[in-house]
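The following blocks contain the structures, represented as structure tokens.
Consider the two complexes below, in which subunit A is the common component and subunit B and subunit C are the respective partners.
Moving on to the complex of A and B:
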């Protein structure tokens, strides 16, 4: 469509909003209520412009011409128009520069400021405030409003993590719309009306795992992140654009640090991944990095006590200790959120020591690399048939949001010269959601089930049986098609169905029909399936049978990447097993297996225990040498997210003494051993990775790069013999909040509460447990301190416990007889 | 707040009524039943308690926040019990120009209440509301569901006296154009402009 914005002729796609046309032409209009990825609603009236268009003569169908010029005559709309809710028309003319438009803008700024407190000097948003900027650019600097301003609450805690200043709110409705449109949790609304309107909630503490995003999109200082309130001015922050290592979504983050500490985390923009959203665990879960008890110096055990020493001395001790151990008896394991560069370093170290006992942990029994056709997050967002096995909200939170995109049925918008459209007119408030395209399978009620047209609750650990049954049914139905009487054969295929797998035959048939009918079906699974190699194999086969792409959610940020580059044992016999009696020395990166008393006992008679950690824990307590580790916020490197996208990880300036990442450990070790090991620095690791992946990671763009799937041959060589699925009555479940850091994340702890032990109310009753009481119970050997939370979404007989890096998702034995109550007397009342 | 009567769900013993209301809307527009449901509760109980809000949210698969958002938009619904005579003074432009502020002041002084309050006896509640859609007969005072138009001081006195005797008088129907019963007279010649 040909239009004119001021003096710029432009060709834009039909359906484009005028505001986007204006920006595409390189001009500017101020706006407050429009927001990328959300519906334009025309609430703030700030985006006014004069708009006109030619008209056709009704009778002749010809353009009405301007007699003087002979061109099509422009009919101007009688009033300035809100450009965000106006669509372009053929021949449209937009004027953003005239006096009339200026006057309208001046008026809107003045009006918007009528009740605004103008407390910018004490406002956290000052210096990065849309209202402040726009008032300077488009206001007159004067107000004719001489009356009392409206007074409202200035420090209203909407939740433990979000503070609302009701005086500053300009009622743009971004926050309210956000909750309905993006996560679909309608927990915030306008209360009252007219000049009395304010933002409020009746839900206790904004119960949505994605609540923090409203602090990013609020155009003023009304909604603020409580972790950073009054902690710094915007121009003092050092911004680091990086990738979250919190989960395998690979969400873009902006870390704001000041004087060596992280003050806040905001969402970054990655149109292919997280758009501009992150989950609350990622946003508010950073306080631990600045906690006072960080390990900042290497420590060596002398006379039974850990003493701080220099790196060189620590490494001499490491070298000497390892020197006395048979290399093949040394185990090296790093946590599955280590960067690819750290992975290379670990490989080089293991190779140098001559051990095949290299691994990353947690690593599920089955591979987390998709086989055949991997699905990208864009594939998820544009799918019309989704089968989800697991709890993506907690496994890779962004996947949850991209699934919700698919329910809207609006494919991602094309980028414009200025980026993501400001006002995408295809999006509206309260769009109907196509819930029927989504099936969610999980052994308990998950958040995502609220949005699913079909939900299936197999018994815990029953994913394998369910998937095998579905697969058999799919095959039988295909065969039936060729039979002489297809209808009868199809019925016969259904006859053998066993409802005990968690769904009825009719439901199963309907699900397969839906997947078969879908043009772009996607199968998504996470830890519950990957914990069981049989389930994994069935899931892969089912994807092939129904022609679906697959997305696998690994246990931690870079699980897929570390598997892909082969941070793996030379033989599955050598897989990471801290309880193994064959290993005489361990080098552990960010792992704490000694939480399990059996492992702790084993560790007591190791020849060497070298631990790279950011905080003291049960394992550092036994270590011979403790090396200070950086957190995921302080690393330079790269990660591979669940969809196979390489993403850059950059270091925020956090004061952490002599802490390093794992490449630093290998460098120091190499120096002590007199050898230049590969992966001794991020640069040297990248040289290795360039050869292996054919990507120069130093050149990775901000929004990353999809890595083509590994050639099947290479995968075949790496294929590991299947491990067996575990059993037990505790189901360790994914958690969007990282439990291992919760004690050092005070805001998040208040917001989220402690880690919970969830069970069916009748189980709670049977064991005399009351909501809120704190218990300690051994789960898979690790004593877990948990808050009792009865929940009728949990099937009877199953007890849900949130995962730890040292306690992966899946079934684990639960020792209820050894359950101890923290306040025994009060609990008796139950 | 006394919540005793809300212990039982309001619609529990009114399944036909509930079905009738829900049946007015297609399934995808179920949330449209919000207004009639609120109205049933408001009419029967004279206010909509938090327990009722939660109940309606449950019926319509909404959050309590959304119900509260809609409810608070309308001055018809009350979050707290109001008195037997709920005095609602229109405070929007036309009524303001015709002296609604003085009317409110007068009611405040006479009743000893500020807007939003109910007297100890539970007889009178005072509230300022937005335009009642009767601007030609400003200022407007709505008592429960009855409009009293062009109310002057004498009208208010008579009205209050009657209500103290528990009588709600018939409103006087006033002719359009008669603008001198309360407040400053309109400048000559402008009434019909």
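Moving on to the complex of A and C:
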């Protein structure tokens, strides 16, 4: 459509909002209530402009012409229009510069400021405040208001992590809309009316795993992140745009640091991945990085005690210790959220030592690389048939939000010259959701089930049986189509169905029908399926049978990347097993296997135990040499997210002494051993990766680049013989909050409560356990300190425990007889 | 050059011989300070409540052309507040070696908390002694770090080498 914005002629797509047309033309209008990725509602009235359009004569169907000029006559709307809720029309003329518009804007700024306090000097939004900026650009610069302003609560803790200042709220409704439109958790609303309106919740806190995003979108300092309350002014922060290493979704982050500390984390913009949203575990879970007990110097055990030493000395000790061990008996393992560059470093180290015992952990029994047709997050958001096996909210939180995008049925908007549309008119408040396209399968009630048209609860560890049954049914139904009497053959196919897999025959048939009818079906699975190679094989076969693309959610941020570049044992026999008696020396990156007392006992008679860690733990307590590690916020490198997108990881300036990433370990080791190992620096690792992946990682754009799937031949060579699925009555479940850091994340701990042991209320009753009680119970050998939380969403006989890097998702033995009550200790349960 | 010219010049010299000398016998004599002289900073308190005026907003640090000021803020304990309002400066430091005494901080301050006073005797021996914290600048503290150390060592009061004049902004400062 051809329109004019001031003096700029423009051709825009029908359906575009006028505000986007104005920005596309390079002009500016102030606005408060519109927000990228959310519905425009015209609440703030700040985006006013004069708008006019030509008209057609009803009788002739011809444009009415201006007699003086002979051009189409422009009929101006009688009042200034809110540009965010106005659609462009053919021939439209927009004026944002005239005196009349300026007057309207002045008036709106003044009106917005009438009840706004003069808090700027103490307000954490100051310097990055939309109201401050707009008042400066579009206000009159003086106040005519001499009366007492509205007084409301100044520091209301909306939740443990979010502070609300009710006087500063300008009622733009972004936060209220956000909860309904994005995560679909309606927990906030306006209360009262007129000048007395304030936002509030009837809930206890903000029970949504995505609540923190409202602190980013609030245009003023009404909603603020409590972790950074009064920590610094916006112009004092050092901003680092990076990628989250918290989970495999690969969300863009902006880390704000000051004086060597991380003060807050905000969401970054990556239109293909997280849009502008991140989960609360990622946002509020950074305090641990600045904790006082960080390991900042290498330490070497002398006379039984760890003594701080220089890197060079620590590495001489490492070299001498490893010199005495048969190279093939050394194990090297790094955590699955290490960067690709660290992976290369670990490979170089293992090659140098001559060991095939190289691995990343946690690594599920089955591969996390999708074969066949991998689904991107855009595919998820545009799918019309989704089968989800697992708990994506906790495995890769952004996937949860992209699934909810698909339910709206509005495909991602095309980018405009100024980026994401400010007011996408296809989005509305309280849109109907196509819940029928979503099927969620999990052995307990998950958050995403609230949004699913169909939910299936197989017994814990029963995904394999369910998938095999579905696969058999799919095959039988295909065959039945060719039979002489298709209807009868289809019934026959259903006859053998066993409801014990978790769903009825009719449901299964309906599910397969839905997937078959879908134009772009996507199958998503996570740790529960990957823990069982049979389930994994069935899932892949089912995806092929129904023609679905696949998205696999790995256990940690870069599990797919490390598998892809082959940070793997040379033989499955050599897979990471800290309890193995064959290994005489371990080099461990960020892992803490000695939490398990049997492993600790093994470790006591190792020839060498070298641990690269950021905090002291059960394993560093046994180590011969401890090397200081950086956290995921301080790394330079790259990661591969679940959809196969290479994303840049950048280092925030955090004071961490002599800590390095794993490439630093390999560099120092090489220096001690007199060799220049590959992967001795991020740059050298990138040279190696450039050859292998044909991508220059130093040149990665901020929003990353999709890596084409590995050629089938290469995958075959790397394919690992499947390991066995575990058994037990504890189901270790994914957790959006990183439990291993929770003790050092005070805000998140208050917000989330301690790690929970969830069970059916009848099980709790049978074992005399009460809600909030703190217990210690061995799960898969590791004594876990947990808060009892009976939950009727958990099937009887199953006990849910949140995962640790050293305790991967899946079934583990649970020793209820050894359960110990921490007497007198109780905790809040969310 | 005429004789008259020489006589005229000598006349000027001669007339000055009988004027009161400008030179001050510092430190025996005190130096007169003009009202708007800009010397060492003071952090003021509200005279009625005794609460600190500084709210830790860091605007002074932002205005400082020499990057001499560092502020860290914290939340007031409502039962025992340090300043009026929600926020106070938990760390407030000025590096007197960097400071160029331009007075921009004073101009930027929304609460009139930081005011450049009349003290100018800031010489000291070590770098770290030039970093002044809240304890060195809050109203009531008299003298530079060195002057206070000396006074304590000698067991006497700090004596300043200046004769102050009145400036209303220096609320509560008593030289």
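Heads up, the rule we're going with is that the second predicted complex is superposed on the first by the 823 of 830 C-alpha atoms of A that agree within 3 Å, B and C clash if a C-alpha of one lies under 4 Å from a C-alpha of the other, contacts with A are read in each partner's own complex, and residues count from 1 in each chain.
Here is the rule we go by: contacts are C-beta pairs under 8 Å (C-beta built on N, C-alpha and C of every residue); 3 or more make two chains touch, one makes a residue touch a chain.
From a predicted model like this one, the values you see are computed outputs, not experimental measurements.
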{"item": "First (subunit B), second (subunit C), both or neither touched by A:815", "value": "neither"}
{"item": "Partner chain in contact with A:200 - subunit B first, subunit C second, else both or neither", "value": "first"}
{"item": "Touched partner set for A:507, first subunit B, second subunit C, both or neither", "value": "neither"}
{"item": "Subunit B versus subunit C as contact partner of A:154, first or second or both or neither", "value": "second"}
{"item": "Partner chain(s) touched by A:791 [first = subunit B, second = subunit C, both, neither]", "value": "neither"}
{"item": "Which of subunit B and subunit C A:236 touches, first, second, both or neither", "value": "second"}
{"item": "Contacts of A:616 with subunit B and subunit C, given as first, second, both or neither", "value": "neither"}
{"item": "Touching partner for A:743 - first (subunit B), second (subunit C), both, neither", "value": "neither"}
{"item": "Subunit B versus subunit C as contact partner of A:703, first or second or both or neither", "value": "neither"}
{"item": "Subunit C-contacting residues of subunit A that also contact subunit B", "value": "none"}
{"item": "In the complex with subunit B, residue positions of subunit A that touch it", "value": "185-194, 200-203, 432"}
{"item": "Subunit C-facing residues of subunit A, complex", "value": "121-122, 126, 154-155, 229-233, 235-236, 259"}
{"item": "Footprint of subunit A on subunit C - complex, ascending", "value": "55-59, 61-62, 72-75, 85-87, 110-111"}
{"item": "Parts of subunit B lying in touch with subunit A, wherever the complex brings them together", "value": "28, 50, 53, 62-69, 72-73, 130"}
